[in-house]
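Note that subunit A is present in both complexes that follow, paired respectively with subunit B and with subunit C.
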Partner chain A sequence: MPNGVAPVIRAAGLRKVYGSTVAVDDVSFEVAPGEAFGLLGPNGAGKSTTMRMLGAVSARSGGSLEILGRDPDRQGPEIRAQLGVVPQLDNLDTELSARENLIVYGRYFGLPHAVVAARADELLGFAQLEDKAKAAIDDLSGGMKRRLTIARALINEPRILLLDEPTTGLDPQARHILWDRLFRLKEQGTTLVLTTHYMDEAEQLCDRLIVVDHGRIMAEGTPAGLIREHSTREVLEVRFGSERNAEAAVALADLGERVEPLPDRVLVYAENGEHVLAEVLRRGWDPVTSLVRRSSLEDVFLRLTGRSLIE
Partner chain B sequence: MTSLSELRAPKEARGVGALSSGNAYAVFNRNLVGARGTNLWVMVSGFFEPVFYLLSLGAGLGGLIGAVELPDGRAVSYAAFIAPGLLAAAAMTGAIADAAWNVFFKMRFMRVYDAMLATSLGPLDVALGEMAWALFRGGLYGTAFLVVMQLAGLNLSWTAILAIPAALVVAFGFASVAMGITSYLRSFQQMDWIAFVMLPMYMLSGTFFPISQYPDWVQWIVMAFPLWHGTELIRGLTTGALDWSMLIHVGYFAVMIALGIVFATRRLRALFLS
Partner chain C sequence: MTVLPGSRSERRESKGAPAPGARSRRLGLWYVLEHHIRDLRSYGFVTVAQAVGTPFLSWLAFGVGVGALVQAGTGGAGVGGVPYLAFVLPALMCGLTLQVWAEDAMFGTLLGVMWRRTFIAMRAAPLTVPQIAGGFVASIALRAGITAILYALVAWLAGAFSSPWAWASVLAALLGAAAFGLPLGAYAARIERDTGQFALVNRFIVIPLTLFSGTMFPLEVLPIWLQPIGWISPLWHASELARATAYGPTGPGWLYLVHVVVLLAAIVVGWVLVVRGLRRRLEK
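Up next, the complex of A and B:
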């Protein structure tokens, strides 16, 4: 967080309880203006619940929360007026055309028709949907719908854009186009808060992020900082066949800072993967395949939130 | 309405669940823009239902029945008797079509209210905007039907013109309650329950014959139905059989509307802003 700049979001000890379920336990973070901030975590970690509280559509059960200097439990509508929300599930209005979606939504903020009509045309350009202005929503591709949803979220010129899993379900081309649009917004100074469980997305887009699990923050930092802190510089992936992986992991346990046996391969976390591979071969372990790669955020994520399937 | 101000718990007055930004028009406008597209013909078809009933029952069956006696002792043609009943029933079915079925789709499938309530709009804006739309449609149908009645010579008094606002009051009552009830329903099977309640009310509420045909205890049950109050109110206005008891009918709907708005608003808030 840059010093001396008042944060646009300030959450301290944020908590949300539904009946006996604790969805968000104790979450504290701050977001600076113009920052791209990410919430990472497995399904059910409390990301979407946190986003709903940030969006001032869900009252907190405990802790304090300040958005643009206001308390959502006291000034919900004023806060919502300055937010753009891109929900996890598309909720474009299928009875309206693409352009009408932008105009009608802008009117929900009480903006005059002339203002939103002009902005709608600009935003259709931004979303690269000029030729789809009159198209029915059902005729748009998944990527187009997401871009239109982002355009819609910008109609009130929000100070903060909240994106809940913006690229889930999109093909790689559509994701890259969307990332490019989000980069543009970042360059223009819009504060972005996004959840994702794509680590490449978090590395691409986020200046800073938190990893959330079971409603609590497991780690916080920049993508590079988190990798430095929670993983090694490189990872060696070696496959010996599913029969021998476990055995190999024991025999190679001293070669890296950490050795992780998986059913299909063994991961050796080390500063220099090539050196480790040479030593593996010298010890007479001949892998079927081997790969040396740099550590990624995915390694950090899996280390912090575990590999067991969470549904 | 005191019940509405009670709804604003002090702590939440301007919080996440804040009721209104005074912009119900934006919700109405959304429906207006949507109706310009595909919905137009669906909307026009709503006009014909009561007209067909009037043709078949009024002209056809009415020829066999002859005259019907009103409470004030006057005898009127069967068509003049059922036409105001059909108008009241059309106000009900039209209001429920919008406030139940259309709201159900918007709530469960189109997620329109999720989108609306993420903006500055509050649940009261959404409830009032949706109800205003149901009334707008109901008002158009009611006016068109009243014109048909006029052309057919079925309006027996100048007070028939007041049947338009009366039909709006009836539609408002049903729309407000239907919207609240719909918020609990999750599947199409459950939506059928609404038809299950509407049909007997339609058939029994004095639309097609005077309820004096029933034994006393059945009459008391029918008089509890909202549609009976609507039918009596509108029939009094189109036939000119005015009576102080009409104020009771208006009062019945005033209570129904107030409770319905509070109910629908609370439900929207509970579903989308919790």
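Up next, the complex of A and C:
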């Protein structure tokens, strides 16, 4: 975090309990203005619950939280007036057109009709939905609905944009269009907080992120820093067939800094994957397929939790 | 592409500037109502057709059909001192208004918290739960009010509403509808999964209420052990008030005061429960 700048979000020991379920256990982080901050974690990690607390919708069960210098328990509406929220589940009004959705939402913030009308048209352009202005919500594709929801979240020119899994369920092309829009926002200085269980999304969009599991922070840092800290430069992926993978992992255990046997493949973590592959072949282990790649956040997550991000 | 969170200066908080969201704090309820009115436009035709068509059908059934029978059976005296059609229309108006409110309360709530999740979207903006509930209830009152006014107009044209106070029967119908619809909305806010509860409510509450609330015959005609259904029924209290305003009171004045107090009490309790139910749903 840049020194000397007051954070726009300050969470310490944040906790949320539903009955006997501890959804968020102990989460602490700060977000600087203009930063793109990510929460990366598997299903049920507590990402959405954290986002609802950041959005001043859900009251925390413990810890302290400050959004834009205010306490969400006492000044929820003042905070929400300055946020843009893209929820995990779309909640557009299917009774209204795309443009009308933007207009009614803008009115919630007390903006005059003329202002919301002008912004709605501008944001439809931003979301590349000009020709869908009059379209019914049900006639939009999943990617278009997501873009419209992001446009809606921008109608009040928010200081912080909260995005809960902005691209889940979209095809690769739709995801790239969306990422491009988010990049533009970032360039213009909007603070972004987003959750995802896609490591590539986190690497693409986030300046800094926390890896969350079971409501706790497993690691925090920049994508590159986390990879450097928790993984090797390269990974060799070799497949020997499901019966032999475990056996191979034992036989090759000394080849890398770490060897991870997965049901369908063996991962060997090393600085130079090609060298390791040569040694594997020299030892007479002939893989069905082999691949050398750079380490990713997926590897960091596997290292920290022993599980894959996407099961 | 120039307005996007670009020009920040206008937004910077300075001393003396209103707190963020100050307008929403004052006018949030109106913004919610504005949204619902946009939604209502697609029901406009249904609302008008129903409000105008139903009294016409009632006139055919109770004025020409059953009514002729009753008029003949009472030797032309009618019921409660008026022709049967005049007796039955104020109560049927209350019944239809109540049905419209019940339907909107039930489906509108489920749409808001579960199906379309529009209330959840509102709660992410600077709106509060009482504002969301208030705007929603106001929109139902609007549709129910249009229904009652059009119904009363048709009944008046049919000559069934004779008193100069007949216009107030619309208020009676709205009071009765709210006294039933608000608690129903509170119940709907607690539904986690739609398993056809509305059909049950309709079959086992709304229809029996219509049958035993002194709608089509005076409550006193029923054996005493069935009359308590009427006493607890908002529809009976509303119908008695609507009749009194439509063609003149037939009982002591204090009784009408009781009707008003019972309905207002149910409305107050219902409102508190609606806000509480929606809070549980939208602030978890």
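To be clear about the criterion, the second predicted complex is superposed on the first by the 307 of 311 C-alpha atoms of A that agree within 3 Å, B and C clash if a C-alpha of one lies under 4 Å from a C-alpha of the other, contacts with A are read in each partner's own complex, and residues count from 1 in each chain.
Just so we're on the same page, contacts are C-beta pairs under 8 Å (C-beta built on N, C-alpha and C of every residue); 3 or more make two chains touch, one makes a residue touch a chain.
As the structure is a prediction and not an experimental result, all values here were calculated from the model.
**Student:** With the two complexes overlaid on their shared chain, look at subunit A and say whether subunit B and subunit C clash or fit.
**Tutor:** On the superposed model, which is not a single observed complex, subunit B and subunit C clash.
**Student:** More subunit A residues touched by subunit B or by subunit C?
**Tutor:** C
**Student:** Would you check which partner chain A:73 touches, where first means subunit B only, second means subunit C only, and both and neither mean what they say?
**Tutor:** first
**Student:** Classify the contacts of A:81 with the two partner chains as first (subunit B alone), second (subunit C alone), both, or neither.
**Tutor:** both
**Student:** For A:119, is the partner it touches subunit B (first), subunit C (second), both, or none of the two (neither)?
**Tutor:** second
**Student:** Which of the two partners, first being subunit B and second being subunit C, lies in contact with A:229: first, second, both, or neither?
**Tutor:** After superposing on A, A:229 lies clear of both subunit B and subunit C.
**Student:** Is A:130 touching the first partner subunit B, the second partner subunit C, both, or neither of them?
**Tutor:** neither
**Student:** Given the touch rule stated above, what does A:286 touch, subunit B (first), subunit C (second), both, or neither?
**Tutor:** It touches nothing on subunit B or subunit C.
**Student:** For A:274, is the partner it touches subunit B (first), subunit C (second), both, or none of the two (neither)?
**Tutor:** Touch partners of A:274: none, neither subunit B nor subunit C.
**Student:** Determine where on subunit A the residues touched by subunit B overlap those touched by subunit C, and list them.
**Tutor:** On subunit A, the residues that contact subunit B in one structure and subunit C in the other are 55, 57-59, 76-78, 80-81, 83, 85, 87, 89, 91-96, 100, 104-105, 107-110, 156.
**Student:** Give the list of subunit C residues in touch with subunit A in this complex.
**Tutor:** 1-8, 11, 19-25, 27-28, 31-32, 34-35, 38-39, 42, 116-118, 120-128, 282-284
**Student:** With touch defined as at the start, can you tell me which subunit A residues reach subunit C in the complex?
**Tutor:** Answer in residue numbers: 18, 55, 57-59, 76-83, 85, 87, 89-96, 100, 104-105, 107-110, 118-119, 122-123, 125-126, 154, 156-159, 184-185, 188-190.
**Student:** Considering only the defined contacts, which subunit A positions touch subunit B in the complex?
**Tutor:** It comes out as residues 55-59, 72-78, 80-81, 83, 85, 87, 89, 91-97, 100, 103-105, 107-110, 156.
**Student:** Across the complex, what residues on subunit B touch subunit A?
**Tutor:** Of all residues in subunit B, those touching subunit A are 11-12, 14-18, 21, 23, 26-27, 29-30, 33-34, 37-39, 110-112, 114-122, 272-274.
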